[in-house]
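Chain lettering (A, B, C and D) follows the sequence in which the chains are written, and residue indices restart at 1 in each chain.
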Amino acid sequence: MIEMTHDSYGKSDVRLMKVTRGPERHHVIEVSVDIRLEGDFEAGYTDGDNTKVLPTDTMKNTVYALARRHPVETPEQFALLLAEHFVDSQPQIARALVSVAERPWNNLEIDGRAHPHAFSQATGERRTAVVDHRPESTQVRGGLRDLVILKSANSGFSNFVEDEFTTLAETDDRVLATSLEASWRYDSTDRDFAAVHSEARTILLKVFAAHESLSVQHTLHAMGERVLQEITGLTTIHLQMPNKHNLPVDLEPFGMDNPHQILLPIDEPSGFIEATLKKG
Amino acid sequence: MIEMTHDSYGKSDVRLMKVTRGPERHHVIEVSVDIRLEGDFEAGYTDGDNTKVLPTDTMKNTVYALARRHPVETPEQFALLLAEHFVDSQPQIARALVSVAERPWNNLEIDGRAHPHAFSQATGERRTAVVDHRPESTQVRGGLRDLVILKSANSGFSNFVEDEFTTLAETDDRVLATSLEASWRYDSTDRDFAAVHSEARTILLKVFAAHESLSVQHTLHAMGERVLQEITGLTTIHLQMPNKHNLPVDLEPFGMDNPHQILLPIDEPSGFIEATLKKG
Amino acid sequence: MIEMTHDSYGKSDVRLMKVTRGPERHHVIEVSVDIRLEGDFEAGYTDGDNTKVLPTDTMKNTVYALARRHPVETPEQFALLLAEHFVDSQPQIARALVSVAERPWNNLEIDGRAHPHAFSQATGERRTAVVDHRPESTQVRGGLRDLVILKSANSGFSNFVEDEFTTLAETDDRVLATSLEASWRYDSTDRDFAAVHSEARTILLKVFAAHESLSVQHTLHAMGERVLQEITGLTTIHLQMPNKHNLPVDLEPFGMDNPHQILLPIDEPSGFIEATLKKG
Amino acid sequence: MIEMTHDSYGKSDVRLMKVTRGPERHHVIEVSVDIRLEGDFEAGYTDGDNTKVLPTDTMKNTVYALARRHPVETPEQFALLLAEHFVDSQPQIARALVSVAERPWNNLEIDGRAHPHAFSQATGERRTAVVDHRPESTQVRGGLRDLVILKSANSGFSNFVEDEFTTLAETDDRVLATSLEASWRYDSTDRDFAAVHSEARTILLKVFAAHESLSVQHTLHAMGERVLQEITGLTTIHLQMPNKHNLPVDLEPFGMDNPHQILLPIDEPSGFIEATLKKG
């Protein structure tokens, strides 16, 4: 007896740019959308019966049609719009998971002023949202990823466990670099998502910069805790902070010291640190 | 009141090549290892108290030291070795999740014979294993990913739902392409992992090639079902088969027809199809 | 008779981060260095005679040792330092080509002020330099790449050639997006490289934003021409501006118009446009 | 006075899959095409005068239309077809450079036999061609890239230059790994490109495997020399063999030796070795 215990299907990486041309200035938003549907789709798997299957091509079309019909303002709002559309559109769809990642375009600054219709994609950082929608419940998460940051002071790592394979030296002065990924859950679907995003991002960076870090874990916790303390309406936050190593180069063979000045950045391996905090 | 509801840490992308030189021939295995530990690590987060924290640098060292001390034969065996080491080594470690992905090197065939010490990395396919080990239980998963396959016959998609945004035409003849990811769970830690991997891979490809496909879902289910039917000792299988689209190019403007012959392969967007099957 | 008509060797992707800790603030510079040497190396190829071969491992070490011994201020200055070192160090080295690409780190802005020792890697843009040094001559090039920019007005493309395979519609209003790569040649090795880089970048963006574009070629030419006109001490500029397409989505099947508002960004294919301008 | 000393334009990454369905079996070929045109295009740059500009969109359409009209057999043949088309189609086009890279699909082997219409993309290796066509001359190059190979015996590196920054130890036993890129020039446009490609590839691998290597340079030269010696109709060959390092891990801190057995594969930095050989 073989049964199917889980299935989902959808469309990945639906890319959209929407250009809105106002009288004073243009507005550009670019997003990538992932859609996953769950529901009464078993016959499609077991018998190739597609009568309840909404084509993933239609999901792609829906992204473009709804973007034409409605504003596209924030990843959260657009993900909500899409997730509700799918669950409402077909009775067999029991759940829609929609992820939206924004690649920000900023107005070019020309002669000290924001140009009205010229833009640059100034950062690799992404602003993210995930909406998990069912007829009876909706969860909205906001967040960011690929925010690459570094602090060159107030970071150490010592008093750790040493076993037979430990060679790492204790230090009270190292470069700490990471590519921050953060995701917080709203307690409502009706929040000022843009304002919360901006506030959360500011707090995360402020704590990262100021923290007297005894480890990545220590700083990650302080960053998440502060967001939950200062922003109302968030129930949880998840942070992921890989330790992107910058290794001091051994210059002794050349008769030189190296006071944490000459470093080798490596992509592999990296430390991995994550935690979820919850407001009780 | 803010509490931490989940945390883990570890090391990602620890790369290892092991070369074993036998009298007749050399053997090369290359893997990338991810390690995640869970346990009594809260004080590290809340207070920067590292006294229970095994450095991720030590985890990296452990990969190399254990690779020297023991054979590295399959991803499953090496992941088991590492996961058990970590849980056994420190009482505060309650769980180790170790993922190993192998990048296969094959002997070069020179004059019709396998060369004893020259190799090529002939494929982008990865052989994978994930071990989830706690003092009281151990789960072993084997699998593969990035196996890029295509069938140019016996594949259709029709009788699907049509809504206001559906434009897809029904077809009984399309190119079906995917990058297969499969992962199966063993019912024991003591199996001939290499033999099962080879058998599962063979079955997956055989069913993919032969199946009269009414949809990706349909073919995915048939592939997974057959693996569970034919191989004893597996409890579940999870398959992920993105639909990598090859779009027929419209040649009408040039006065030409296009009987599914001239296609545009695109990376974005792609369909996403997944399911987990379980043997009852 | 087989002869060797060209050869070079060196080291690619030597990554370096240098952290300088001043009393007021820290300074972080991260670069990736490519080194190519030419000279009397033929016996190494033909006979495996390495007696004139400086190991590429030594080249890597040299990057770190010279970065410790000297300031690392701009890609141009550091490339000059390295290129001159290699040509001076061994008589058989007749030419050194050194490329340096900087990944900029910017001080984090916290509470409206630049933080003294916290940084973000805020952009994918790279600042570049290439030095081509021989005992008798030295060429220095500065530049940038991966500067992703877009204009949503003042861009058209019409009156072009139409042949049997042309389907493109004329337009006087399209989104023009590119990933700019620029490289200019200095007439001297003794220039304020940082000032020129900043000035050239400003001019490129200003012309891009303001230009009434009749084609990518047209705008590229205007951008390069202005740089050579306004900055003294540059002899040539090379610009490369791939046309990164954002295709209008056909919404007619859904009964909607699309006034260049809903676009599909694609990575493949892209237009390719390049030119070199020279000051006479 | 500013003049334009060089310009070209075209289309990059035009992806094409062609499926040919024979009675016995199907044939699948997938290529990516780059097109560059040179000619009388100056007015397009200086004045935005597009009357001689063939749109890059038309170049893309041409790839698909010619693929429908003609067979697509080898990268060389398809690149020739396209390059000749462009130069013949418009008098202002003085030169066409067309590059074609094939991503090979192989028939799946099922039950020991090649399946007639199921395929896998079994390798990251690309088969390449570049055609440089002008009304008065045509050059055809064939080649390959991303052929990742390794030898674990018969490779050393010693007797090299030592300067103040040299720390590398001499060795007569190291792992030599590379990602081979080779490109050869045919003396005619009328050759059996598939046969030459196969023969050149076989020779390159055979020499790589058998060579008593004193350095990468030494092996590269032997490989190229043999191709020119054994295959008639080739005038030059260019080889590029980055030294993809696999560094022995220092296990002494754990009381273990490491007889070149436990290695760390790194992507950055890599050695870079290239040469062009010519048959006199």
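Here, a residue touches a chain if its C-beta (ideal position, glycine included) is under 8 Å from a C-beta of that chain, and two chains touch if they have at least 3 such contacts.
The structure displayed is predicted, hence computed values, not measured ones.
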Subject >> Intersection of contact partners for subunit B and subunit C >> reply: A, D
Subject >> From subunit D, the most remote chain by mean C-alpha position >> reply: A
Original post:
Given the two chain pairs C-D and A-D, which is bridged by the higher number of C-beta pairs in contact?
Top reply: C-D
Original post:
Per the centroid of Cα atoms for each chain, what is the distance between subunit A and subunit C, given in Å?
Top reply: 29
Original post:
Taking each chain's centre as the mean of its CA atoms, how far is subunit C from subunit D in angstrom?
Top reply: 24
**OP:** Measure off the straight-line distance from the CA centroid of subunit A to the CA centroid of subunit D, and report it in whole Å.
**Re:** 37
Subject >> Where subunit A touches two or more other chains, by residue >> reply: 15, 61, 65, 164-165, 167, 253-254, 266-268
Original post:
What does subunit B use to touch subunit A in their complex?
Top reply: 1-15, 32, 34, 36, 41, 44-58, 60-62, 65, 89-90, 157-168, 213-215, 217-218, 220-221, 225, 228-229, 236, 238, 242-243, 267-280
**OP:** Can you check the complex and tell me which residues of subunit B touch subunit C?
**Re:** 164-165, 167, 253-254, 266-268
Subject >> Touching residues (chain side subunit B, partner subunit D) in the complex >> reply: 15-21, 26, 28, 30, 61, 64-65, 67-69, 105, 108, 110-111, 115-125, 147-154, 175, 205-206, 208-210, 246, 249, 251, 253-254, 256, 258, 260-266
